[in-house]
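Working notes, structure below.
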Amino acid sequence: MNITIQLLYLFSSVLFIIGIKMMNKTKDARAGNLLSSVGMLIAIIATLMQIEVISMVEIFICIIIGSLIGLYYAYKVEMTQIPEMVALFNGFGGLASVAVAISDYWLKSQITVANIDIIILVSIILSVFIGGITFTGSMVAFLKLNGRITGSPITFKGQHPLNLIMLISFILASVATWMNPSDINFMIILVLISLVLGILTVIPIGGADMPVVISLLNSYSGMAACTTGFILNNNVLIVAGALVGASGIILTQIMCKAMNRSLVNVLLGGFGQTVAGEQTEGPSIIVKEVGVEEAAMLFDGASSVIVVPGYGMAVAQAQHVIRELMEQCEKRNISFKFAIHPVAGRMPGHMNVLLAEANISYDKLIEMDEINNEFSNTDLVFIVGANDVVNPAAETNPQSPIFGMPILNAYKARTIIVSKRSMGKGYAGVENELFGYPNCLMLFGDAKQTIAKVVSEIKEL
Amino acid sequence: MNITIQLLYLFSSVLFIIGIKMMNKTKDARAGNLLSSVGMLIAIIATLMQIEVISMVEIFICIIIGSLIGLYYAYKVEMTQIPEMVALFNGFGGLASVAVAISDYWLKSQITVANIDIIILVSIILSVFIGGITFTGSMVAFLKLNGRITGSPITFKGQHPLNLIMLISFILASVATWMNPSDINFMIILVLISLVLGILTVIPIGGADMPVVISLLNSYSGMAACTTGFILNNNVLIVAGALVGASGIILTQIMCKAMNRSLVNVLLGGFGQTVAGEQTEGPSIIVKEVGVEEAAMLFDGASSVIVVPGYGMAVAQAQHVIRELMEQCEKRNISFKFAIHPVAGRMPGHMNVLLAEANISYDKLIEMDEINNEFSNTDLVFIVGANDVVNPAAETNPQSPIFGMPILNAYKARTIIVSKRSMGKGYAGVENELFGYPNCLMLFGDAKQTIAKVVSEIKEL
Amino acid sequence: MSIDSLIILIYVLVLASYLGFELIAKVPPTLHTPLMSGSNAISGITIVGALLACNELGYTTLSKWMGMIALILATINVVGGYAVTDRMLKMFKK
Amino acid sequence: MSIDSLIILIYVLVLASYLGFELIAKVPPTLHTPLMSGSNAISGITIVGALLACNELGYTTLSKWMGMIALILATINVVGGYAVTDRMLKMFKK
């Protein structure tokens, strides 16, 4: 291969690394993403340099189609839909890996007469396996998050044995392909099994666990890129794939740790179910309600406010009206901060993105460990659509499924106002005693609408 | 090459990486060093597997000789002599690289008839260049630290032009070697020039700057290992060499930054000189002396003591007697800590090693940034053989050569006792006003002897 | 592929993975969502493979068709991924 | 050596250097002296080259003599370096 091309690939690998490194600091992150995209462009250019002129037209048509679709989705998507979006793109990436593997397989086994190399064949089979699972798994995750298929775990008897049988068949078909590489039937079987396996492994997982699954599938798509690198003997694919693989694994770990659950527990699925049974039994909690005017007066009377945002804020898209609330409070010299729990919302860093979208400076977003001993000195804590992340049961009730998960100590504040629509449960499906605490007041209603009313009341005060 | 051998090399590379990673934590560091040595052993075993049985005897003899010499030095050396030791070993490593390069050159140009590959030839020349400079440079550094040649910068007119001429001749000789690889005269010239260059670049640098130089030469020896890796097409050499190269560069940077000097400034040398002129001019400072008994009473009366160790503690080997002082104080419930400046002593982390040697727990050693605002609440600061690192001129006098270097704010304490032999200057050769401050008392004499006396006085109190 | 080439690709894999772990462990939680979508965009590097697969002459072969499908999908992943990450990061202001 | 092999060695070099910087930047100042002597020991990896150079048959060639000198020196560097680092680290106690 040409040396210029090789050096361009090397350069693009370095750009990916530097791009990821720059994600370490909020202020450099955007430049880092740009650098990484330049790395991609360079890798593409280096590849185009190896291509026959005759294919160029088709290639450009494909690239234009792909770019238009990608840009369309990227600009249309709501910030609350980022998880779905990542799932969808990730699925496409996985399918692309499968297609590349099949293309290479066809070339080596049908067109060229030469005997297919064992290392290449193994890479092709791995690529099909990982890519196929990534594709259908991501699609199921996408549909679950989207609500097009039910979010609750779909389990049936013999699910695990079935997976095992599929896996064994896959291995047998791999051996068959190895012994008779030119028989395409085995390759078809391999593709089908991996597609079905992707579906089977994701459907038993509850919709709310999807972020963990997506992050894991993201890691798989990185590994699929690595195997493609082995097929093509190309380093940039390996470097980039390894970076993605590592990032997915780390994010998965962080999420599991913050939820105090093991990855195995998430993957075996059925988390939403056991909890559903509990729903009826729980002791009913007696809560105090608060009206919009009274809430406005409480804000006006406080000297320090901490907002605890949660998934409900994302659902209600309440971040903009919270910014208005912040502006009103700051006009009155009330200190106003946000307490960010590591797994608030449905993706790691979910709240940060939404609040950033509403133009709230990232200085004001304080992480759990840092803010946890400030609650006791705070006049008013305003919980917006958060539930599990402030549930004291995580500290007090060893029976609770969330026991052991670190929480925000919102209960220590002088007064607490909770904005949510009803007594509905959160992600983990458990009761939250906090709502019955003497210092806790419920402000029922959709977060966006009620907070908007509170803001207009405050303005009139 | 055999796959087992290759996998062993890969394994040994990973062990080096994990070993370095474990150096991040004090408690894991020893295990990390062990792991890294296991990595080396595995690399050696993998290499021996490729060797003809006939050479084994000589190889074992060489290894035994080398091991005995290495172990002898390693167990004989005083902890204060670590810099010299590293310089010496480093020089040996550099010379080994040169020898390997020559051996390979001889083999390829004289024994085998085949045309010598350009990439290999470039690697050989680079290996000779870097290895040669590392060897003689390290030897000069060793001799300077040892006191066998003068520590003060040796400069002469035309030094820089001479270096330039040598460099150009080296390049010319390289081209000549390339055009006529079998002519060994050019190779001899290359070796000689690099040896001389090593001497020329290190002699103008002051003895006290040697740690920076050693760290830089250490980085070079890593790079030499990398070039050997390119000659032999061997990855483990490249990985290990790159790790060493990176470590040397980072330590060099840290030292330069902590001294507030640039690397260029260090390398151009002559730092000790300009300062030597100043020595006579400085305004004479009027100091108050304190006797051993009075010092003992001050310790007894204090409720908090911070010790600031410096290079003088290393010279006097006073760390053990300071431990005794600590034990006496702690018996009396006096809080006792150490303030560690990043460039106290003559090597990064020098003080930590010495105090560890005296069995002082590393919890008690507090870094500059952390302890700097504790001084104002401290009854007694005891400065043992430190000078520059507590010199307030670094903050107040823009003319001072150390201006801008961060210092330990010892001057803020209620009382200061300074143990040193005389009014001698420190490394940077500048006066220290602190010694004339009203709250500062001088305890003249060799640190070990005077502190021993103080301890016995305290025992009698 | 020779064993030598394989081993050296494994070196690259091991080093890059280790580096990835070191770098990503330091990303602050604030940036985890952009990191997720940004690294997802990087995984679209399969586009390189897709381009090479498109290089088949004549449409009769499955290889070329597969390559073109792969190319469209990988381009969506790459372009969409980077664009959405940029959109997100643009919002982070001090 | 082919350009391909060279490029891939450069990959290994670049990745390992970057990884080295990331790892070493995190070493606390307390451990800088042991780090210096420990990494000095690692630089004795030239011992691999020295061993291969010793493999020359017959003492008539300069190659073999050079290899043996290199082997002794590199062994000093390796064994001495690890031993002194271990001696130092043994002293760090809590």
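Going in written order, the chains are labelled A, B, C and D, and every chain counts its residues from 1.
Simple rule for what comes next: contacts are C-beta pairs under 8 Å (C-beta built on N, C-alpha and C of every residue); 3 or more make two chains touch, one makes a residue touch a chain.
Predicted model only: the values in this text are computed from it and were never measured.
> Identify the chain pair with more contacting C-beta pairs: B-D or B-C.
So, comparing the two chain pairs, more contacts are at B-D.
> Centroid from C-alpha atoms only, then distance subunit B to subunit D, rounded to Å. What do you get?
Between these chains, centre-to-centre, one finds 17 Å.
> How many angstrom between the C-alpha centroids of subunit C and subunit B?
Chain centroid spacing, subunit B to subunit C, equals 43 Å.
> Using mean CA coordinates as chain centres, what's the gap between subunit A and subunit B in Å?
47
> Once you find the CA centre of subunit C and the CA centre of subunit D, what distance in Å lies between them?
So the centroids are 35 Å from each other.
> Where in subunit C do residues touch two or more of the other chains?
8-9, 11-12, 15-16, 18-19, 23
> By the touch rule stated above, which residues of subunit B touch at least two different other chains?
In subunit B, the residues touching two or more other chains are 13, 17, 235, 239.
> Looking at the whole structure, which two-chain pairs count as touching?
Inter-chain contacts occur between A-C, A-D, B-C, B-D, C-D.
> So in the complex, which bits of subunit A are touching subunit D?
1, 3, 6-7, 10, 13-14, 17, 235, 239
> Considering the complex alone, what residue numbers of subunit A touch subunit C?
Where subunit A meets subunit C, its residues are 13, 16-17, 19-21, 23-24, 26-27, 29-30, 32-34, 36-37, 40, 43-44, 47-48, 50-52, 54-55, 58-59, 62-63, 65-67, 69-71, 73-75, 77, 79, 82, 85-86, 89-90, 92-93, 95-97, 99-100, 102-104, 106-107, 110-111, 117, 119-120, 214-215, 218, 221-222, 224-226, 228-251, 254, 340, 342, 347-350, 352-353, 356-357, 359, 361-363, 365, 367.
> Across the complex, what residues on subunit D touch subunit A?
Counting only subunit D, the residues touching subunit A are 3-4, 7-8, 10-11, 14-15, 18.
> Which subunit C residues qualify as touching subunit A in the complex?
Checking each residue of subunit C against subunit A gives 1, 5-6, 9, 12-13, 16-17, 19-21, 23-57, 61-64, 66-94.
> Per the contact definition, I'd like the list of subunit D residues that touch subunit C in the complex.
It is residues 8, 11-12, 15-16, 18-19, 22-23 of subunit D that touch subunit C.
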